[in-house]
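Several structures are given next for inspection.
One chain, chain A, appears in both complexes that follow, with chain B as partner in the first and chain C in the second.
And now, the complex of A and B:
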């Protein structure tokens, strides 16, 4: 693989929203950027950015990452930008850092997405997302939080998504990838399997679909 | 001719009894004539009523075609009903005439005879007095001039009278019959009369306005859902209906149901057939019913090769509007005690059911969060359009602890009965209760800092003034030099005190400045005062008092972070002491070097890195060159497929519109249907154009010239490009 010249590098953007602790996984952006550079030749910015969801700047990023533990209540301006973002083809990835299927984050985030975009429905496990770079035959990879019975004590078999024209617009995870991926990338050398590989799929899917 | 022949030719006079018999016969003949006149007059009245009703129906159908669906029109349109009404009129006329009936006696007949035969005399006397003697009676009979040849006396006069009596009602009857025949032949249905007016735009008039079929005119009854409490609306012969979602739309038309097919097609969905049943309101009539869904749709009714469309535009029931009036903004609370006033205003387009405050209290930290959701101050509005809810939220009753986060919003529900109905929600306010250990870093929005006093001198300005004073030193008197120098010393002391306030505030949190402590007084800031200067009380930084920054920086690592951050300010403070002392002595030259040191130290303090006790994780900056393609796993390039460009919806609509307009002259029915479907499809992408198409459809429906409406619709869809300024072809 060769690095493409004259291409704007991919910038990992974390969505900043008013109501919750949007910055609860501060090491995740660098970790995913490291993975994108480690496995792909995609031009990528070495550092992520935080972008206010209420700002039109959010429309500049093809992938927005949103996480937190606290209830999600978008302000009217955040709602408008989110709707425009989805209409313009962006991919919003929401991860429940609270790893609790009936927790405040889960309920409020689903309610807000249903109100502003559309109801989230289970994403089939053979969706192109799971083969966009690495192959995940069984769908979304499990996290240690799930396997250890944290939160709701469930292993979620599906991610949830809103599809527009057969393309993922909003992807929602109960699996707590925010905790799973929230470590310094240098620690990957101690791991047998890099848990952030699915994040690479997410980035590649957002950039190629 | 001799006398005998003349006598033989003279008609023989009747006898008195004969005259009486003839007069009696005359009376009967006159009575028959009168009865005949009554009958013919009644018939004429009935025929005129029939004609009037027919003309009224035609006139109504001409003025307002849809009115033919009214119940009155339906009644009048029934021939049996019309004949019944005409018969009633006939009977009424007969009754009226009979009530005025007076029998014609022989005396009245005799009077009538003498009136019409001036030469006759004594007939009345002869008839009136039956007791006359034979000779007198015979003489009167001869004077009556009645002759044997007349079977009925005054036959010609009777015929004349009969004609005069009957000619008017007979004439009216014949005219009414003729008009009825003409109307029946020329206008068998009101539809054909309407279409006969013609539409200038379309050649195929009957196709544009297919009122000869069972599909036109029709009536639309829109029954809104019960919760909206709106009345039922009736639309007349419209091609478009806008209705609240959940409304019942009933199409009612004329004619029987045989062969009629109806279906409904959502804008993005499959066609579904609708049952067509007999209507009880129009006899014979048909009706079909559907319910308005959130998706726009079209009802299509087919009658053989003919068809007609009804575009249904759903009108959504808006969610309640909720405005949280208090609290107005997010906030951070120092204590988890007290009461918070909540207030919200709610309103809805059709009526509110209830409203409440929704509070989510989240507790926890790190990876352990719990949440409680509460609904407070729930209030029912029972259909009111506007309302207000208030509540006093006690933090203590809620069990709020420090570190908790409270999300408050107001929610309202309207009277829509669906269980899945969304709530109207207000903005959410996030209220955070600070932890005791993090309060020093909590961003509490206090009052904005006071405006800078522009009359105060900065250290840089003071330095400039001192340099100028030194330059003027040889040209001014000693007194002036001393006065100006001491004035600068005062300003220097002011700035020094300001710096000391910052230093003390950082060290101890105390706002006071330049106060002295003694060893062992238990209140040590880590500084000692030596000759007015502040000197760190540990050895590593003691040299800071000398005002030599290089030495201070070299020893930073031995000192606490707080002292290290404040060292530049300590240097500035001590240098200001030196400068102030020189200025008090009227020696500006000696003051300049320490003033420069102070300014440089202030600059370093400004540029120093801030330390936050509750700092964030330092952002990870990936060394891309080091990690690029160093991963242990190998993925697979995803094939990037070129995306399909979104079609230009306006251009598509424009093309379809042009095709439909072209079709108007060739196949107007098809064109009308195309325009109706186009109106449906344009609802989302070009609502103004869709509205303009409604004007076109209305013009076609009413038989008006649709040219203007078509032009307007075309301009609405693709407005001409506006160029600013004169074009190159403009005349200068």
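And now, the complex of A and C:
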């Protein structure tokens, strides 16, 4: 007899910040929630939440997703909460919706993370993140948006990260997963490979490491 | 005539000093026909005892003590007792018993090392703790005992109270196993692993994330005390391994059993009590100095035989939050709190440190430690419990035989009046010579 553990469901949380367009990928949360429910047995809340980074409520969600196209300048309160969040063991996933290393989001986000947490460095492609559920032998999966003529038109071989005790505290992507995963879940049936599988790895990694 | 008087005075002074010197070197007379009765205190030394017992005619030795003799003296008494001398003792103050004190030193179940010292004292007392270097601390014991957790490991520790000293040698080395976590993937599992790994523990776990997919952390090995120090069971994931966990605990392993894991019948033999209905955390309490009041709690009720309450919540009805019991030779800590990760994430500034320290303390209380070195129990009570050792060696306190003769074993001190006599005589002789202008 299988007994389901009494564990609170995972809630996908998107960080709101005052500068920039934090809600630029509105279909992404529902799509990732669908994938987590589809591929795993993890209890997951059917609705995601948006939580202000300036609010202590952000600490209730140990995995936070942050995206945007525009320059990022965290307010002092957002900076304080972000520092507490990382020091206490939260995992912040930042995705550059521009996929452009010369873009405003990329430059300012890296500066802000360096200022508030630590410099982002390349994450090795055999990190447990890439095998926590699906196996990505070559590191982060490429996206169709990396070479779509927008942004820097580069395939970024590594994600960037800040590690604490060998665990990811801040994960940064130039690969534009915000565009790649920003579609209605029903459209997965038209795809040969579900591009959100790496998002499942991210959730499983966060819940088990 | 005056010269004769002065000479007499000088001679008297010299005679008084010689007598005092003779008294100092004199050993107390021992009636060889009479049994020896020693009236001694903590100054009693083994050589003194051995000297008194050298007389083959000694048949009886009674000690009136103000403190427990040291280890060497107890050994002499033990030898005399076995050699046919009737050895007995009693407390000099009949209204007060000698200090009963016992000390143990065990390795702390912590990868960083350390020692747990536990002192048992019969009554409330002020005791002092020392190691091989010097004094460390003192404490007023309550409820008959006190314990210290020390980060270092010294070769020897001692505690003293009213002249009685208990000593123990610490273990030469300790082998600390890993921890095995049984939990579903979730924030609680994640932050429990983090807290323990930040404290230096190696934590092994297997998280079932899909029907045919498991994420493992660490090195999964068979559950035994050679590999693991303790099991942490957070939820019903542990039920499938209940029999292995019970075997592990019965053989000495530790178990930190959380409410959701304790509920099922599979854990009936291990839990410290039954689980009541969950009580919500007190809003805002995570930010206070009593942060666990802010956690959901599954009160422990109907304690199992032998289980003891450890911590009660301040919530209405003072529900029991933590209880402990032993199963076989292992220890179980039954914890009623849930979602402790919220304490770490939402608590006050010290919450990450406090949460980590609390988790560490849960493991400290239960984990199995294999240690090598001086086996303090093979010679128990020995120096670890001096009064118990005295009783073990020469028997319980008893009154001396009424026919015995009291003898004071303390060295004979020359009376003060002898020095006063000598000084007065010399002063008088000097005064007399000055009166007659003699030099």
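The rule is simple: the second predicted complex is superposed on the first by the 202 of 209 C-alpha atoms of A that agree within 3 Å, B and C clash if a C-alpha of one lies under 4 Å from a C-alpha of the other, contacts with A are read in each partner's own complex, and residues count from 1 in each chain.
Basically, a residue touches a chain if its C-beta (ideal position, glycine included) is under 8 Å from a C-beta of that chain, and two chains touch if they have at least 3 such contacts.
All figures in this text were calculated on a predicted structure; none of them were measured in a lab.
Student: Who does A:40 touch here: chain B (first), chain C (second), both, or neither?
Tutor: After superposing on A, A:40 lies in contact with both chain B and chain C.
Student: One more residue to check, A:204. First (chain B), second (chain C), both or neither?
Tutor: After superposing on A, A:204 lies in contact with both chain B and chain C.
Student: I'd like to know which partner A:157 touches here: chain B for first, chain C for second, both or neither.
Tutor: After superposing on A, A:157 lies clear of both chain B and chain C.
Student: Quick one: classify A:138 as touching chain B (first), chain C (second), both or neither.
Tutor: neither
Student: Once the structures are superposed on A, label A:69 by its partner contacts, choosing first (chain B), second (chain C), both or neither.
Tutor: Only chain B is touched by A:69; chain C is not.
Student: More residues of chain A are touched by which chain, chain B or chain C?
Tutor: The partner with more contacted residues on chain A is B.
Student: Would you mind listing the overlap between the chain B footprint and the chain C footprint on chain A?
Tutor: In chain A, positions 39-41, 132-133, 204, 208-209 sit in both the chain B and chain C interfaces.
Student: In their complex, what parts of chain A are in touch with chain C?
Tutor: Chain A reaches chain C through residues 3-8, 10, 39-42, 56, 59-60, 62, 87-90, 132-133, 165, 167, 204, 206-209.
Student: Please give the residue numbers of chain A that touch chain B in the complex, ascending.
Tutor: 1, 18-20, 23, 26-27, 29-31, 33-35, 37-41, 44, 46-48, 69-71, 73, 75-76, 98-100, 103-104, 108, 115, 128, 131-135, 150, 179, 184-185, 194, 197, 200-201, 204-205, 208-209
Student: Can you list the chain C residues touching chain A in their complex?
Tutor: 183-191, 193-194, 197-198, 205, 207-211, 213, 215, 217, 235-237, 239, 260, 264, 339, 341-342, 344-346, 351-352
Student: Please name which positions on chain B make contact with chain A in the complex.
Tutor: 330, 360, 362, 364, 367, 369, 371, 373, 405, 407, 409, 422, 425, 427-428, 430, 616-617, 619-624, 627-641
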